[in-house]
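First chain written, first letter: the chains are A, B and C, and each begins at residue 1.
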Amino acid sequence: MHNTQLVQAVWGGVLFGSVYGLMALGLTLVWGAVRLLNLAHGAIFIVGAYTAYWVVSTLHMPILVALPAGVLVAAIFAALMHVLFIRPVIGKPGFDNATLVATVGLSISVSAAVLIIFNPEYKVVPPVLSGSQNVVGVQITNQGLLVIATSLALFALVYLFLTYSRQGMAIRAVSQQRDAASLMAIPVVRTYGVVIAISGALAGLAGVLLSPFFFLNPSSGFNPMIQALIVTIFGGLGSVRGALVAGFVLGLFESFVEVYLGVAWALPGVFLLIILMLIVRPNGLFGIGEVRRL
Amino acid sequence: MLEIRGLHAGYAGSEVLHGIDLRVGEGEGVVVLGPNGHGKTTLLRAITGLLPARSGEVLFAGQDITRWRPDVIVAAGVIHIPQGDLLFPEMTVRENLLMGAYHGPTWAGRKARLSRVYELFPWLENRAGQLARTLSGGERRMLALGRGLMAQAKILLIDEPSLGLAPLATQQIYASIRTIKEGGMPLLLADENANHVNGLADRVYLLETGMLVREGPAEQLLKDEALLESYLG
Amino acid sequence: MAVRAAPARPEVDREATPWRRLSLGTAGGVLLFGLVLPWLLVRLDIGNFLVVLLILFFMQAVVAQSWNLIMGYGGIYSFAQVALFAIGGWTTGVLAHSLGWNPFASILFAPVVATAAALLIGLPTLRLRGTYVVLLTLAFHELTRVFAITGPRFISGGGYGLTIVPGFPLGNVSNDQRLIFLYYIAMVIFAIATFVIWRVIYSPLGVAVTALRDSETYGVSRGINQFRVRLLLFAISAFFTGLAGGYMTHYSTGISTSVFDLSRLIDLLAMIVIGGWGTFMGPILGAGIVIGLDQALEGIGDYRALAEGLIVALIAVFAPQGLWPALRGIYDRFLGPEPAEPQLAAEAEADSSAGG
């Protein structure tokens, strides 16, 4: 009995952890480079998920085709968002206001759009890997293992990309010292677009991989985004390492709370944890930016 | 090499430079002396395209670069080493240097150029893996200089190289600049301090409230103590 | 000479901004009109429906103004507004339904509890930067929503909300009269809220807030305590939002968990953004527009949220001031009074005529 609970808690924690990490990764990259809080992140998540659903159910293609389709469409959507709503206000004093409101507005539009195109009924997106193993009474789904593996792989990929590639270094440069980046002739605004598109692809991927775990509906994006926000801030805005670590810390915390205290305590528990972090260490685990205290 | 005619530039609502005429010849070291706030930084930014010129011309190697985009100006070899370094704090010394070579054609030859910069500043190679923000003031300044050299510079525009540096570091940075000049690099140096530019400067301009009030060969102007004192205080 | 310790308070320039001088005549006229209006409307066929719309307008305008007070003026990116509305509504609903209180008594607790909740989240949150406020208030919204749906039965009503809440006991009157009384209550709430917010905005506090919003370092250097100012605004905003929530609960004799729907959020946001972000009349104008458009475009259903979201996004990026400043500009140019002569000319004239 205790064994089952423990395994359940650990499995849930690792699974949630990788999910949160994946969601937070895109968010933290965009914050670091563009200083933009992308509240449309959840919308991009469901764009990916619904695209995959559509490919499978309407085009009757296998999920392995739907997956890249979802990622691609999500990335394109993100790029469009950048061109239409972010780029026009870059450098202007009302940037924070405008982008905050615009991303919220877009988020709700997307929700409404999928409600119209598809209907409010819950959709089922097939998993890439089906089946599961039974470990001391806990269902370890193969899709879950895939999610964990993908998340870790993506973190590694992003880390390598940022560290060794020219574009990746440019992204880091822009995140750290934008004026110097211009001086090096790094195209700052285009770099913003690249980061936003990458973040969109990551959100879309998360959407496709995760939707088999719940019933996809127009408001499915809201919760993952809040989780992503919490993890991003907990780990430190702009820190990739932070997103990974915080994802697992919060994932395990939430899972253990759920298993041992009950589902109802999960969200309040996380809420308390984040408030504690903001009081003790407002920059988050690995944050480098300034957080003003009044 | 670099020729500026009648340059006017400023920020929203105010003009800072009122008609600058200046030139830097092949291999020449030109120093613009002036107190703070009189337009030295504005001048350099206007040349490198970070600030749009209101009127006038900037010519480099015969081409009119006045309206060019900053990254194209960088590609042409006009490299600006800014006031205050503007390094990438969380990147290593090596990464900062590599970023200097970011732009298109310069990226391909970066490894070679990196070796050359390491030759010029051997201690940079020692600290190649160290984060920029852990360097001292003087080291940072030299890193900024090295980073500028990575971009296949044909002319260096250096803004206040001794700003915020202790005396020893100041000496070292000017020594490094002198070495670079001896390699044939034309320089346009903006400085507040006349003391260290001996041996660097071939010609000197005095900048006051956005206008060049004097010009002359370095030996002449720099020796005129009275003039410098009344001017720079 | 003793140095005055009190922080300097900026003067509000009354001459330069005639619209800030609310003339008693205008106010009185509007008030009178508002009082008489329902009696006229109920005589019309669709009149009752219009009165209902007006009631809706009053309440939405209160919430929109309250949100604009903290977001548009205070620069506090809070998404807790809907949750606070719900808290107000649930408070009075539970007190009236489960404890049998008279709605007129229970409604008094709606703003109180909402304000208390606001202070509770405000204390840790308002010290921090914008991003963190967004996160924490969103999380608060979510927490409140989940609690409303899955909480104990007397709150969640099985997940649908409170469905049997007594309405205002207005005695044995006809439907028309009942509607008119409900209208008056709504109007009074609207009037009080609007007045208080107006006073806050055009008081030294309000000017201080605008100073902080436009240039924080300056404001702080002038002795304005940013945290306390924000907390105060947050409390005022929550107070009226909770009150509106309480009213709507008794008006609709119930409150459902659909108040948490994103479509409600975008409605409010649209009111502020379309009407005029950070202006006094903006949210009021916006409320009228959104409610009016919603009625005019009755058939579009789900497309409404889609359109609102896009419009909000487009306006935020391309026309961030919203409608009110544009209208005010037109008024100034074509209808407004001539600007006052510069002081110097007037003095020179006085000098020359006096001195000879």
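Here is the rule we use: contacts are C-beta pairs under 8 Å (C-beta built on N, C-alpha and C of every residue); 3 or more make two chains touch, one makes a residue touch a chain.
Not measured: the values here are computed from a predicted model.
Of all chains, the one whose Cα centroid sits at the greatest distance from that of chain A is B. Among the chain pairings, A-C comes first (most C-beta pairs in contact). Once CA atoms are averaged chain by chain and compared with the all-protein CA average, the nearest chain turns out to be A. In this assembly, the C-alpha centroid of chain A lies 33 Å from the C-alpha centroid of chain C. The distance from the centre of chain A to the centre of chain B, with each centre set as the mean of the Cα atoms, comes to 43 Å. Here the CA centre of chain B is 55 Å from the CA centre of chain C.
Against chain A, in their complex, chain B makes its touches with residues 48, 50, 70-72, 74-75, 80, 82, 86-91, 95, 98-100, 102-103, 107, 147, 151. The touching residues of chain A, when paired with chain B in their complex, are 166, 169-170, 172-173, 176-177, 179-187, 288. The part of chain A that touches chain C in the complex is made up of residues 31, 37, 39, 84-85, 88-89, 94, 96-113, 115-116, 219, 222-223, 226, 229-230, 233, 237, 264, 267-268, 271, 274-275, 278-279, 282, 291-294. By the touch criterion given at the top, residues 77, 124, 126-132, 134-136, 138-140, 142-143, 146, 150, 226-227, 230, 262-263, 265-266, 269, 273, 277, 302-306, 308-314, 316-318, 320 of chain C touch chain A in their complex.
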